[in-house]
Each structure stands twice: as C-alpha cells, then as structure tokens.
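Okay, so here's the structure we're looking at.
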Amino acid sequence: LKGRVVVLHAFQMLCPGCVSHGTPQAERLHRMFDAKDVAVIGLHTVFEHHAAMTPVALEAFIHEYRLTFPIAVDRPGDPGPIPVTMQAYQMQGTPTAVIIGRDGRIAYQGFGAEDDMALGARIAAALATRPSP
Amino acid sequence: LKGRVVVLHAFQMLCPGCVSHGTPQAERLHRMFDAKDVAVIGLHTVFEHHAAMTPVALEAFIHEYRLTFPIAVDRPGDPGPIPVTMQAYQMQGTPTAVIIGRDGRIAYQGFGAEDDMALGARIAAALATRPSP
Amino acid sequence: LKGRVVVLHAFQMLCPGCVSHGTPQAERLHRMFDAKDVAVIGLHTVFEHHAAMTPVALEAFIHEYRLTFPIAVDRPGDPGPIPVTMQAYQMQGTPTAVIIGRDGRIAYQGFGAEDDMALGARIAAALATRPSP
Amino acid sequence: LKGRVVVLHAFQMLCPGCVSHGTPQAERLHRMFDAKDVAVIGLHTVFEHHAAMTPVALEAFIHEYRLTFPIAVDRPGDPGPIPVTMQAYQMQGTPTAVIIGRDGRIAYQGFGAEDDMALGARIAAALATRPSP
C-alpha cells in the first residue's frame, strides 16, 4: 500500500448505519477511484452480538451485498469484547472511516455517516499531499 | 386474528431488498394501523445461507433494527432448503408480502418491493371488505 | 364527479415542498387509481409572488414536470392576496390535500407533506364508504 | 476570483433536474467549501419558456429555495433563444456544471446530474493544482 491513500471502512454486518449508508459508500469509493491511487479496505470490527456476526455470516453478507473491495476480520479482543484494531485506533463504534495518507499517517478519522461530497473532497486532498522527500 | 386483516412479511435478514425496504415498511405498517384492525406478522423464511441466518443472529438483527412487530421463524424444509410455510404459499423469494382478508382468505400476495401508497390502498381495501354472514 | 372520491391538491409552482413531494405524489395518485373511482384535481392557489406565478409560468411548469392531472387556477382574492377557494377551505398554506367523499363531504384535509402509505389508506377508506340511500 | 477555483452552476428555475438535484447541490458546495478557496456562482441560462422565467420569477425562486450563493442572469441571445454565456461555453442544456481552475482554465464541464462524491473529488483535485509560476 506504500504511497497510496488508504480508506479503511470499519463496520459490522448487523449495524443499520453501516448497511444502509457506510458499506455501500465504501463500495462506490472502491469503484470510483483508481486502485493504484486509493485502496479501500473493509474491516469487520465485531464488538457486540459475536454469536451472530461469525465469519460464515460475514461471507454470506458479502455475497448478498455484492461487495468487491477486500474485507478483513478484526482480531477478537482478549479478554474484552472490543477487537484489537478497533482498540488500537480508539474507534467509538461503527461505521468508522479512516483515511491514511501517502505517508502512512492518519489524515482523517470519523465515526458515523460521512457525506459523499465531503468524503470525496477529503480523499482527493490526501491524494494531493505528497510526502516530503 | 379472527376478523382482522393480516399482513404477512416474509423476509431474510441478509436479503438487501428486505433490509433496505420491505422490513422497515412492515415496521411502519405496524405502527400506522390499529392492531385491532391490522395484524402485521413477520416470517423469517430462510432458504439460503442457513448457517448465517440462525435464530441467534435473527435476535440480534431484531434488536439492532428496533423491530416491534411479532416475528416467527419458518420451519426448515425437509429435505430441501425451502422452509415449510414458504413452500405452502409458493413464495418466489424474499421479501414477499401477503395480505389476508377478514375472511381468512389471501387477498393479495406479491414478491419484491411494494409501493407504500399501493400497499396502504390494498390494506384499506381489505379492511373495507366484510365477510358475508 | 358525482359518486367519485375527489383528491384536491392545492399547490404553488414555487413552493419547494409542493415541487419536491406533493405535486409528484398527486401525479402518482392520478396514475395509480382508476379515474372512474378517484378524481385527482390540482388547484394553483397563489397567495404570494403573484408576479412570478402567472398562468403562463404555470403552463411552462406543467409542461416541464409532465403533469397529466387536470389543474385549475384559484380565483384571485379581492382585495387580499389569498385566493377565493383557498379562503373558502381555510387552507393554511401549500401544499394542502383535501379528500372529498362520495357524498360530497370533506373526509380529510391536511397541510404539508402527506405520507404515501397513509394517503393511500385514507383514499381507500373514502372509497369504501358509500353514501346511505 | 483570481487564484480561486470557480464552480459555475448553469440552471433554469423550471428545469426539474436542476431544482431537485443540481441547484441544492450547488448550495451545499457553497456552504461546504471555504469561499477563499472555492467560489460557487449560479447562472440562470434561460433558453426556453422565456415568458415564465423572468427576473422577477427568479427572485421569488431564490427566496423560496433559500439560495445564498451569488446568481447571475445570462444575457439573452440575439437573435436566437440561447443566451450568450450558454452559447460561449457550448452548453447542451441545464443543469451544466463548469469547474474553472486556479489558472482560469476550464478543468471540467458536465451536463446533467453530478454525483456528490465525484464532484467533491473534482473540486479538490482542482484545488490541489497550482498554476506554474
């Protein structure tokens, strides 16, 4: 992912705000931007209803919602319910969008619904920022 | 349910057309009509991804989507994947809406997205039809 | 119109709530119900910006928005700005929906956005009510 | 406007695609971006129904739709119906969006509905391009 802008979409398959807005938005981002410039990555950060949101269920979800961007499963927390990456980024819930710049640093992190126009602008701003040599 | 109009909403928790349209519509029907006149009943008719759409997962789904109308689980088919009631009504998929008149007969059955205005009209027409004595 | 249910849609062509919701809804009603049962009638009730909402402008509006239900122009008020029918019905603004039953009496009158499902139900209820002989 | 990115929104007050999508989008752009960076300018390019879309009617429209970005009226064509700026830019109809870069050159011109996310990205790309000294 070196030199690319990364958009991380943290979600849960049973989170209404993700299913109705955030996850389809991530799919559109994936289709709109060139993968050489922007990498959209999903992260299934299950922090509740663990028995329901299993890897098998996630696979069915990805299939039914025709998601084509790569999706990873966050490592379960030990001992708490919050998974590891979600803790590391101190996310407040799902959906969370994280934009990581070409220099590998977090350019933006937001919890909740993101406006299409604003998100497009933020990603383009990150694309325009080149790391100093 | 005798003498009442029944609206049956057959759905699957991982069916995008149900989650984005049919199921919230059933919830609004349940809140808009008087329960003495119209009974809205959900039916979880799982015919695919059985390992994902378990009763535990359905319970989490109901909780997350704040559904307040009663929801039954259709009996698994034996031996096929199509559950029993879904077979009995010869449903083509999910979501399916069934309107049952005051006389206990099917007044309407439709597969796919239902227009709000048309559905409201169909239910009111069923309400206006009293069984002959 | 005798014996039919009449839906009166009072609007102004420069009223945002009419253009985005009420007027297209009236057009859908007109197309969904049988004209033998339900007559949808528009009424241009201009009570502000009279110099802008002229008959010529209304004609252009009807053409651009492809409206096919009949639309009348409310008679200007004398001396005030409120037109005659709007005054007679004591409408509070636009859009206003009026449902007139088969017996010629007002069954419902509402100001503002009408929910599709609720409006469909109200019209069907009016259809189901036959005047006593 | 020197050094700023300019977004030109050409519209007609009786064009449904403008009223339902393009014009409110221009208003959101105007509110979302800093005026020091991006100037949103409306242009009323009347090429039909001239008797309906008069300056008086436009003023009522601007008032009713609470538009806060500056709006100019395109000079009537002579002799044809197409106004002067619309001709100069060879616009195909309304709405048309034109993005003018910091260097004063047209960076993008599009006819019809613009996707929020794509438009946000295009404007940010124009912002990121500085004229060579």
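We call the chains A, B, C and D, going by the order they appear; numbering starts again at 1 in every chain.
Definition applied: contacts are C-beta pairs under 8 Å (C-beta built on N, C-alpha and C of every residue); 3 or more make two chains touch, one makes a residue touch a chain.
Bear in mind that the values here come from a model prediction, so they are computed numbers and not experimental data.
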Intersection of the contact lists for chain A and chain D: none
Rounded Å distance, chain A centre to chain C centre (Cα mean): 47
Computed distance of Cα centres, chain D from chain C, in Å: 33
Residue numbers of chain C (touch at least two other chains): none
Chain contact topology (line, ring, star, complete or other): ring
Chain A partner contacts - residues on chain D that touch it in the complex: 25, 28-29, 32-33, 115-125, 127-128
Contact set on chain A toward chain B in their complex: 14-16, 19-20, 48-49, 51-54, 56-57, 59-61, 63-65
